[in-house]
Each structure stands twice: as structure tokens, then as C-alpha cells.
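In C-alpha cells below, several structures.
Below, chain A partners chain B and then partners chain C, in two separate complexes.
== the complex of A and B ==
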């Protein structure tokens, strides 16, 4: 465990030093600022309320979860694997007395922590903006649902990171991984519109699964099914990704 | 050791795959409340257009402002598919507070209409037995499947908000409820903007509050009841729009709508009893055919005045006269000439006297192109149209010159004197 912690710390430090993370965080904050400006514009221009204090974080989440967050998850994941493959710094990591399993897990863990950090940051700032600039519409229930929605979004995002990590281990070039990811993402989005009855199977629709937690009746079975599907994907991606990573020669 | 790791990896991968496959199958197989609702609507439309002999459809709606009724409406429609008879009763209170109610009955031969404001029964009798368009199944239309896909995509994740509860007797209740957090912000904004425009439109005199600020859709709920045969019995929908007026007072405007289907196969449509009532009857001509009915009524003279503008006045200088000598549903022949008053003969042109013969264009009711021959033997082309609604003829072909302040008129009225 100590070894794993050291490896994780190592990965986090690497992540922290990257400009991408900073850009990601700045962009997320920009979404909040721009979103709030749009809402204020709509309110004074059209006489609509736009959003209330709790709806604003939900609006931010619905935008971010389909755009910036997957994008930066992809960038960070690609950097963590393909980046190190091409820079040959992976060798240095592997010379340490840490098993490859632990290195792989630590890398994934660091990415998950990055996503969690981004989500929490977005939550705090959008709530702040929501309460300062919008009419208060919060109830304990809606506030709780909002916080929960942000937290559960971590799960599909992690599965996405695992999928990209697998891709990064199959393809060597980071750019290739990036484009394949983007095209797949767009492809799946289109497919889920065309075959809406099967949309529960696509990773891209899972990104919106926080919506299920907003439903009044709390559709437990549906949530469970989605969870298991994502879990299935996650296990497969992790195992396959690790298998290739383990076999790789540096 | 090496082997053990491989087995562990393989086992883990297989487990993931199995987990995915089984839940995926379960997910596809499971029918959401949304799907059930769609099925019920389709089934009801199909039965309504094919299987039910009769049924009663009741539609009522009310709009309230902070609980005070602004307007309401109720309409009861009885359908008898076997005889083609329908009866409808409606009563409304509009935004200005005026009430009105009316009753309509129609079958293949008659249509009877009466309203509260005018107790006269207006009876229309049809010369031919009409073909009544019975209730059409909208899901049989060509575009239905595509439209359904588009709606599915738009509804998107809101599908999950539809919940179904099954009762002991086999009937089902489908519920859906959306409050402001659950309605996507964009949908809410677009919907509230639309509604705001609609409400603030041109109801200046009405008691409708004018919402100017902080307008948003607060809540949308829906309940549908499906009987044990899978047919919809009722749908209730409530939408609440909230906003502030110019004084800053908060208004919650709610719109409730309820549709029920009752008395399936046991509805009787009764013709209103007209004895002792004030009745106005008239015979309805059939305008729907592709040929004019009773063309022989057009035999004879039609004319209009030739006018000029002179010294700031209209002056009649003569008449244009069409004489239809032969007409049936296929062909029409006749003459056209202009008669000028003494002193205005110089207005005559080379087309002032001509004869024509035309064949009606197929499926263009009363419309015909013709070739004419003038008195001097010159040929030309023109068009004649028999207007059944106005009982007039439209005739084009003669030279249209506006020289000397001449007015041109192509509409001819029957000369009955």
C-alpha cells in the first residue's frame, strides 16, 4: 500500500505540473462565467428567469459533462500514457520497485482524482454563482440532488478515462488516440440519437446518467442497470488496458 | 505465477463482459414507462379508427392565475363510426369572462348547429350523401415513424421521468412529473419564452396578467390511465408557469387539460329533436366534386358594365355580354360581344365580338382554356372560369386596353332580367 501511495503521489505530482490541468480548470471556470452572463442577458433581455440558484449548477453540469470534462479527461489520460511512452519517461517510472499493476492503477487513480477535483471545483463555483446572481429557488431536496448529480458524474467519466487509457495503450501516438477518441465520441452520440432504444448501452449517454438521480420517483432499477453496464465496461477496459500495458516493452 | 496472473486477467475480463451483456439485454428488454405510454397511445388511436363502433371523447381545460380561473373550456364529442354520426357539445368561458356554448350534430345527410347566444337551429341538408372522414389513425401516416424518432430524441433523458404503476385489476397508471430542477435549462427557457409571447400577445382587454419578469416553467405533470385492454382512458396534464407582472407581483399561471375516453361501444348519438324549435334550413350544394354541378344553370347571358373614368367620375359607356349557348360537364361554347352606347363606338376593338368553344380542364372545377375567333377571323387564346360560389363567370381573352380611361373587368354576373 505504501508503494502504491508513493506511485500515486508521483503521478499526481506529474499531473499537477502540467499546464493542461490549469487550462482545464480555467476553462471550467470560464464556462461558469459565460453561462452566468448568458443567463443575466436572457433575464434582462427577454424577461425570462433563465435559471434559479439551484438550476444554474445543473445547467453548468449539463454543458460541461458533454464537452470540457470528457475533453480534458482525454487529454490528461493521453498525456499520462502516450506522453510518457513517446518521451520515454515511462522507463524511469518502471525502474522503480513498483509493479506494473500498481503503476497502471496509480495512473488511473490520479486521473480519477483530477476529474473529481474538477467536478468539485465546478460544483462549488457554480453554486456560488447560482446563489449570488440568481433568484433563490433552493430547497434541501433540490440542493441535495444537485450535489449528488455532480458526484455521480465521476463514475461515467472514470469509465471514459479507462476506455481512453486502453486506446492509449493500443495506439502509440497520442494524436491518433485523441482523434480516435473524438470520432468515437461523436459517432456514439449520433448512434444514440438514431437508435434511442439502445442508447442505454452507449458510453456517451452514460455521461448524462446523473439525470436519473433527479427523477422524483428515483428509478432504482434503471440506475442499477446503468451502473452495472458501466461497471462491466469499466472492468473490461481496465483489464484489457492493463494486459497490454503489462506486455509492453519500453 | 505467470499463469495465475493471466487467469486472473482473463476471469476479470470475462466477468466484465458477462456483466455488460446480461445487463445490456435486461436494459433493452425492460420497457420504460415512456414506451408503455407510447404503446397505449398507438393502440388507442388504432382502436379508435378501426375497432370501436362508438365512443365519447371529452376534452376540458382550464387556465388559472394563482388559483383564480381565467378561462375554461369543455367539449364533449360523441362518435358513432357505424352510422358516421357525430355530436359535439362545447361550452367555454373566454379570457374576457364571456361564456358561450354550442351544440353540433352531423351525419352523412345533415348537419345541425345551435348555440346559446342564438337559439335558432341551423339545419344544413346535403344534396348528396357525404363521405364522413372518420377518425384517422395518425400513426398510419408515412412520416409517423420518423416523427416518432425525432420526438424520442428530443424527449431524451426526460423519458426516465415517466413512471408506471400497475393496479390489481390489470389497469395501469402512468405518471410523469417534472419540477424546475429536472427541466433542462434550455428547454425551460425556450418554452417559457414561447408561452410568455403567447400570453402577452394581443389580450389587452382581457384579465390575463401581463408577465414581464422572471418567467419560467415551474412544473409539468402528467397522469394517464390505461385500462386492462391497454387503451387510454384519460390523460391529465398540468403545467405551471411562474412570472412577475409590472408591479412585481408573482403570478403562477397553471393550465390543466384533461382528455377522457368513455362509453366505448356504448355511446349513442341522438339527433336533436327539432319539433317546436325555430329552424332555418338550407340545402348545401356540393362544392367538393371535380366538376361543376348542374352546369345548365349557366346557360344564357352574363354581362358587366364597360366603364371609363372621365372628369373625375365613372361613366358607363356600354356593356360586355357573354352568351353561353351550350354547356355540359365537358364542353362549353358561346359568344362574347361588347355593346357601346351611342357616341362611344370608337372604344370598340378587334376583339369586341368573338365566339369561343372550350373544354373543361380535367380536375379543375369549372376552369377551361379556349381558342376564340373574332368577327374578322383572327384567332386568339383565352380562359373562362365558372365560379360556383359567387354564381359568376370569369372571362379573359379580349384585348385589355386602358386607353382613354377604359376600365377592365373580367367578372360577369348573370343577366336575369
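== the complex of A and C ==
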């Protein structure tokens, strides 16, 4: 466990020192500011009601889970694997007394913590913006639902990170991984529209699964089904990715 | 004498026909073992297998009694190494690079990091990032990383690459000092045959993926004027045998 902690701490330090976190904060802020400006503009310009104080964070979430969050996940994952493969800096860690399983798990864990951090940051900023600019009163219940929605969004993002980590271990070049990821993402989105009856099987449709928790009837079975599908994907991606990583020669 | 590194039937072949076949070697405590061979003979392949970067097809390497393929963490616990080019994270300072590594070893703290930086003459660059370092400076940082954990075994692949004369002398002194005072065992490959002659007390010659001979430096120097003569004669003898056989 001590060795794993060391590996995790190292991965987090690398992420932090690469200024990725700073870029993350700035982009998250930009999303909120732009979103808020649009809403304020719509409200004052057209006399329309934009969103309430708690609705605003949900609006932000619905936008980011399909745009900047997957993009960010991809960039950080590609950097963590392909970046180190091409610079040969993987050797620095691999020649230390730490097993490849711990290195792989620590990398994934650091990426998950990064996504969690980004989600929490978005939550706090969008809540603040919502309270400052929108005077509608918020109930504790709706606030709880908002926080919950942000937290459950971590799960599909983790599966996405595992899928990209697998790709990064198959293809050596980071740019190739990035393009294949984007094309697959777009392909799956199109496929889920064309074959809507099978869309539940595609990872891209799971990104906004938090919506399931907001339905008043609470579709437990549907939530469980999606959870298990994602879990299955996650386990397969992790196992396949680690298998290739473990066999790799550096 | 206590065996520190035990290489048994090590075999690994690449698609291009190169690689190593059936290598057997025993390295004893306090040895400074020089691993000599022409380009492409399999030195780096052997060293990569020893440090777990590449897996062997057959055979195994045991370091301090632990198998590298099966008990990696235990085998590497007291090993420091530098394989091919000294790699470092170019966005972290020299100090932070070593701090990352120090986390894997209990008892290696701030003062030890400063100590190895001083030992390799890098202390004044500790806050600088390696992206601006010369090849020699990167190599020094790589050597600092290799000895950081006070290892009992140090595996160095071409440690003098890119170093200036002063650097070579410094590093040679450091190696001899560690071997004498702390009984650190070294396994060093190098092209710089004169330096191997001055530093190492046992020499193994590898040619075409096979070990030709292992001999102590003093015995070699009794029979040959220089190590270079010995090396050339070993390689030529084998080159002749393999060419006459084919």
C-alpha cells in the first residue's frame, strides 16, 4: 500500500506540475462565465427567464459532460500514457521497486481524481454563479440532487478514461489515440441515433446517465442496468489495458 | 562469496535476429563487473531484462535472491540503475525528479537527495529543469538517481555517455568509493574500454548474444598488455570461429 501511495502521489504531482490543473481551472471557469453571460444576455435582452439558481449548475453539467469533460479526460489520459511512452520517461518509474500493476492503477486513479476535482470545481463555481446572478430560491432537496448528479457523472467518465487508456496502450502515438478516440466518440454518437434501440449499449449515451436519478419515479432497474453495463465495460477496458501494459517492452 | 546477481539461461531474441541466447553469469558482492561487447551484441537487452523493462523468453535473473520476473518489487528494492539514456521528467526540477524517486524508498529524505546531487556535482542546478541540461548534466542526474536509494546493486548501461573528462574521473571515483566503502556491487557496460580497465575488477565479454569469457581484470592484464588487446583477440577469435563454421 505504501508503494501504491508513492506511485499515486507521483502521478498527481506530475499532473499538477504540468500546469494541466491550471488549464482545467481556467477552462471550467470559462464555461461558467460564458454560460452565465449567455443567460444574463438572454434574460435582459429578450425579457426571457433563463435558469433558476440551482438549475444553472445542471445546465452547466449537461453541457460539460458531452464536451469539455470527455475532451479533458482524453487529454490527461493520453498524456499520462502515450506522453510517457514516447518520451521514454516510463522507464524512470518502471525501474523502481513498484509492480506494473501498481503503476497502471496509480495512473488511472490519478486521472479519476483529476476528473473528480474538475467536477467539484465546476459544481462550486456554477453554484456560486447561480446564487449570485439568479435570485430564485433554492430548496435543499434540489441542491442535494445537483451535488449527486455531479458526483455520479464521475462513473461514466472513469469508464471513458479506461477506454482511452486501453487505446493509448494499443497505439503508440498520442495523436493517433486522440483522433481514434474522437472518431469513436462521434461514431458511437451517430450509431446511438441510428440504432436507438441498442443505444443503451454505447458508452457515449451513458455520459449523461445522471438524468436517470432526477426522474421522480426513480427507475431503479434502469439505473442498475446502466450501472452494470458501465461496470462491465470498465472491468474489460482495465483488464485489457493492463494486460498490454504489462507485456510492453520499454 | 555471496552471489548478488545470478543470471541463468537468459534468452531473448528479436525479429531482426539480434538478442541474447543462453547467458549465464554470476556476480559477487563487491564486484565491479564490466560488461563489454561490440554494438548490437546484446548488452542493453541483457540489462533491460535485469531491470524488468523487457521480459526474457527463457531463463531468469535473481538479484539478492529474488527473481526479477516473479518478485519484482523485492528484487528491485536494493537496486539502482541507469539504462541507455538517462531519462528525467523535463518539466520537474532536478530536485523534484529525485524527490519522485525517493518516495519509493523508505528512509530516503531531503538530506540524501542533496547528498547525491553534491556527489554528482549537480547541487548548484537543483532548481533547474532538465530540459535545459546538456547531455552530460542529464547523465549526472541519471547517476544521482541510480545511487539515490543507497542501493546494494547498481546496474549502469553506458554511464559515461556524454560526460567530460572531469565528469568521467568523478564518476569513476564515485563508483570505486561506493564499492570499497559500502560494498556496493556494480554491473557496468561501456564502450570506453580504457575506463572499464581502470574501474572494473571483473570483465565479461559478450559477442553475438553469447558470453565468450569472464575473467578478472588482473588475470587479463597479466596475459595481455591492455584490456583492448584482450577484447580484440576474444572477439576476433570468435568472429573467426563463427565465420569458418558458416
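In this section, the second predicted complex is superposed on the first by the 249 of 250 C-alpha atoms of A that agree within 3 Å, B and C clash if a C-alpha of one lies under 4 Å from a C-alpha of the other, contacts with A are read in each partner's own complex, and residues count from 1 in each chain.
Criterion: contacts are C-beta pairs under 8 Å (C-beta built on N, C-alpha and C of every residue); 3 or more make two chains touch, one makes a residue touch a chain.
Predicted model, so just to flag it, every value in this text is computed and none were measured.
Looking at the shared chain after the overlay, A:89 reaches chain C, while chain B stays out of its contact range. Judged by the number of chain A residues each one touches, B leads among chain B and chain C.
After overlaying the two complexes on the shared chain, residue contacts for A:243 are found with chain B alone; chain C is out of touch. By the touch criterion defined above, A:18 lies against chain C but remains apart from chain B after alignment on the C-alpha atoms of chain A. In the superposed model, A:229 lies in contact with chain B only, and not with chain C.
Comparing the two interfaces of chain A, the one with chain B and the one with chain C have no residue in common.
Listing the residues of chain B that touch chain A in their complex gives 9, 12-13, 15-21, 23-24, 26-28, 30, 32, 35, 149, 152-153, 156-157, 160-161, 163, 175, 177, 179-182, 184-186, 188-189, 192-193, 196, 211-216, 242-243. Every residue of chain C that touches chain A in the complex is listed here, in rising order: 48, 51-55, 72-77, 79, 81, 83, 85, 87-92, 96-97, 100-101, 103-106, 145. Of all the residues in chain A, the ones that touch chain B in their complex are 42-43, 46-52, 54-56, 58-59, 62, 135, 137, 142, 145-146, 193-194, 196-198, 200-201, 205, 208, 211-212, 214-217, 219, 221-222, 225-226, 228-229, 231-236, 238-240, 242-243.
Those residues of chain A whose C-beta lies close enough to touch chain C in the complex are 2-3, 6-7, 9-10, 13-14, 17-18, 87-89, 91-92, 94-100, 247, 249-250.
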